[in-house]
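Going by the order they are written in, the chains are A, B, C and D; count residues from 1 in each one.
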Amino acid sequence: MASALKHINYGKSRVRVAKIVRHENRHDFSDLTVDLRLQGGFEECYLSGDNSMVIPTDTMKNTVYAIAAGQSLDPVEGFARAAGEHFLATHAHVCSAQIDIVEHRWDRLDPYAFEQGRPVRFASALVSRDGVTIHSGVDNLILLKTTKSAFAGYLKDRYTTLKETTDRILATSLKATWRYINLEVDYNAVMASCRRLMVEVFAAHDSLAVQQTLYAMGDAVLQQHEEIAEISLSMPNKHYLPVNLELLGLENRNEIFLPTDEPHGQIEACVIR
Amino acid sequence: MASALKHINYGKSRVRVAKIVRHENRHDFSDLTVDLRLQGGFEECYLSGDNSMVIPTDTMKNTVYAIAAGQSLDPVEGFARAAGEHFLATHAHVCSAQIDIVEHRWDRLDPYAFEQGRPVRFASALVSRDGVTIHSGVDNLILLKTTKSAFAGYLKDRYTTLKETTDRILATSLKATWRYINLEVDYNAVMASCRRLMVEVFAAHDSLAVQQTLYAMGDAVLQQHEEIAEISLSMPNKHYLPVNLELLGLENRNEIFLPTDEPHGQIEACVIR
Amino acid sequence: MASALKHINYGKSRVRVAKIVRHENRHDFSDLTVDLRLQGGFEECYLSGDNSMVIPTDTMKNTVYAIAAGQSLDPVEGFARAAGEHFLATHAHVCSAQIDIVEHRWDRLDPYAFEQGRPVRFASALVSRDGVTIHSGVDNLILLKTTKSAFAGYLKDRYTTLKETTDRILATSLKATWRYINLEVDYNAVMASCRRLMVEVFAAHDSLAVQQTLYAMGDAVLQQHEEIAEISLSMPNKHYLPVNLELLGLENRNEIFLPTDEPHGQIEACVIR
Amino acid sequence: MASALKHINYGKSRVRVAKIVRHENRHDFSDLTVDLRLQGGFEECYLSGDNSMVIPTDTMKNTVYAIAAGQSLDPVEGFARAAGEHFLATHAHVCSAQIDIVEHRWDRLDPYAFEQGRPVRFASALVSRDGVTIHSGVDNLILLKTTKSAFAGYLKDRYTTLKETTDRILATSLKATWRYINLEVDYNAVMASCRRLMVEVFAAHDSLAVQQTLYAMGDAVLQQHEEIAEISLSMPNKHYLPVNLELLGLENRNEIFLPTDEPHGQIEACVIR
């Protein structure tokens, strides 16, 4: 008996596109990596090799360039939505398009020159026959504080060897993704505000656990931004371990640390109203 | 009004562990990277910083070593399950544990020496109060064929520029993940058989589209392995583009290609009975 | 006949160390990756396995922590020199020590919190019985300008297909390394000045070729900094290729570009007085 | 006073090329990444932006494709030499060409299908007006043995904390590069033999130190291959550290290890006759 398809997914990944907008006294510059995925009547290609309903992924790539020629890449949320809407408008058998964009940040040096910066900003539009869903976020926002972080009072079992601490380094590489209720917003302004809020709370929070700080950061975004329905945060605990200097005949007064990549704690939550 | 938690997730990532099993005339060697995630009564830590129910991720790491001391790392599916079951047996407030393992493959050179090989094998156990779910898979299995691959008869729209072809290079980096119905199997034997089947179908298939080849590979696994309920395959289309030599005054008789990473097609499906 | 040793080299790589300096109203924070290499009477270990003169690389790692406990990590040039001098002072058979340090940059957010930034700063000290040589540099300083870059008038041969251009995007990931004549300098001030000078020249230069811009950047540093003997610059030409939109029925008015990683031009020189 | 050029270097990096050779009953397949560097009369471009002697790096890329159309990519040493010789024959002002090639290994599955394998093979040709120098090598050959490796009797100083061991895991990622005296050899046969010899010595050697094993491996190659003048080996000591299970109330009978990437020992030498 032949097998069946539970679900399918196809598209083009890592389409790179950049655009110069030439103003009189300055240039604006956008630089994106775009992933596209389509859902629709594509099963027959899997089952029999009938390609007649298949939009080649090469065409998807070309479409990105064509849309980029006709409209702004900024904000990326608008460009993602336009790309998704194009496929539904053009092809009746496409029921949804998922467009994921990473924006490579370029900080202005002068009216025509830029330095690549951090962190990465991303956005996605899921465009279906029922409507549009927009997510935005930041990734690889690496933060560290040298105080106001404790970890104590946790559950002990037979394999617990960790020492309690009232004063440790807290470091993370933040990824945050939020979903909009209201799509008529200034996405760039919301992005700047969310980033600022999360960084401020990270720095100011008297942390009893990474979990608590994560929740406080998400809560701050939701309190300030009614246009946001929910926010997911991922905060790996990038451990900076105090180095044992006693064997070297020295004392470590909570000054010397070993930064580690592996292993790391992984703390995540989705915060809603 | 305070925010709420929609869902939470925490654990330890990238715990590295290796084990030598010392037989009389040879050593066996296993080398793993383990990720652990727990679900249970951990909300209060997020909301108030109360850590009393928190199992430190450092303890999770220690637990991996303790379990590794007491049982085999081979097969990885069994080790993943044992690790998950430990947390449910030890802590009443843990409702599920997800253990994801990547096994770094070492090919034997002699009874005591090994060369690291490809591809990566992985497995996961989701252990909950309701039962156990096991997935296995391979990743980064990079395959290429120089013939028996066509792509034609596809939908054209205004942005289609791709030329139809009856003879192209087909290359992919296969990731395949399957879910077991029956957990009383020889996981290593199933792994070897699934890998062999997928490679054989990839090589033998007269491909009209990557989608069709992907489905044929998944179907072959399901036909042969009753213990498998479903299999998901991800097959990026790693394009090898014919180089246009005409501008150089030369002819390209389908011989010279430009391998590209970016962009790439991304073809995926989940195949079930 | 036995083989001989032409040269040998050994040491420890990727030693990670961080240090908090706790001032009354703020903390300073340094975060380094250190590589150490020793030269000296180590041949016998290679030839016969006699380890009696071998300083274990684990001891080198410990030494980094011991020195970090006793002196500032800032500037990194001073720390590198101190580490190198330690090995020559401690072990008579060590004839030279090469210490290479990458400093992970943390931009201050508040007195106790930081965000990881770009680019990377590095430094090395080669400490021998004859003296000390210090190099400093920046890596991964990614720059782009949208105008004032041409490339024309180049040599054509039978395989030349590139079109001349008077207005292209110029992008690079700069690595620059300079050697000091005078070691009694404010390394942090020189670092800041060199970085600023190179960025300013990159932005302002009417570039006829990457080579010319590279030379102008190096020349500017040498003109301003008498304490620098020479500077090596490496500037990959990260191509942003105009997308051909004609096949899509559209015009590209030098606005839409395909950023590429592969292949890339590689332009390098060492500039001296 | 203007600065001067101490040395310059330019070329194209990461040129990707693949070739199918279509035999009656099978296809051969080669897949390369090529870097090219030219030396010659290119100073004026740096100093004044005069490009008249500059061979565009885009032309270098085209040249790779043109040469690939006309001759075999196998062995890579021959292709590298042919590419280098082309530039000297075509352009009188080029005094030398350095061609570095990485060959991506494809293991045959059937007459027309392949699986990508390890390790990487590389080769370089330095073609100058005075002659040709050929290097070959392997990289990323990851080897591990579970016994016959000791490290004891080393020098102790105040910062030494490492315990002596007579039975440890030895693991490395071997890079080996050899230079040919005789260029009229079967490069593929020498490559296979060198790889086999190094792996055999690694496995069989009763190692008192990584240094000693490295030397034995290089010596074995030189003893067997008169056509090789010298061989450089780089062997990072990828530490597998015994896990301390005592704190968990368990014993580690040299069975459970923590694989680490960072830090690692770095052991290197060049062995000659």
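We take it that contacts are C-beta pairs under 8 Å (C-beta built on N, C-alpha and C of every residue); 3 or more make two chains touch, one makes a residue touch a chain.
Fair warning: this is a prediction, and the values are worked out from it, not measured in the lab.
Enquirer: Could you let me know which interface, A-D or C-D, is made of more C-beta pairs in contact?
Expert: C-D
Enquirer: Farthest from chain C in C-alpha centre terms, which chain would that be?
Expert: In terms of C-alpha centroids, the chain at the greatest distance from chain C is B.
Enquirer: Rounded to the nearest whole Å, what is the centre-to-centre distance of chain C and chain D, using the mean of the C-alpha atoms as each centre?
Expert: Comparing mean C-alpha positions, chain D is 23 Å from chain C.
Enquirer: Using the average of all C-alpha atoms in each chain as its centre, how far is it in Å between chain B and chain D?
Expert: Inter-chain centre distance comes to 30 Å.
Enquirer: Using CA atom averages as chain centres, what separation in Å is found between chain A and chain D?
Expert: About 37 Å separates the centre of chain A from that of chain D.
Enquirer: By residue number and range, which residues of chain C touch two or more other chains?
Expert: As it turns out, chain C has residues touching two or more other chains at 16, 62, 66, 159, 161, 247-248, 261-262.
Enquirer: Are the chains arranged, by touching, as a line, ring, star, complete graph, or other?
Expert: Shape = complete; every chain linked to every other.
Enquirer: Where on chain A is chain B touching in the complex?
Expert: Residue list for chain A touching chain B: 1-16, 35, 37, 42, 45-59, 61-63, 66, 90-91, 151-155, 157, 159-162, 207-209, 211-212, 214-215, 218-219, 222-223, 230, 236-237, 261-273.
Enquirer: State the interface residues of chain A toward chain C in the complex, per the touch definition above.
Expert: Contacts found on chain A: 16-22, 27, 29, 31, 62, 65-66, 68-70, 106, 109-110, 112-118, 141-148, 169, 199, 202-204, 240, 243, 245, 247-248, 250-252, 254-260.
Enquirer: Report the residues of chain C in contact with chain B in the complex, numbered from low to high.
Expert: Per the touch definition, chain C meets chain B at residues 158-159, 161, 247-249, 261-262.
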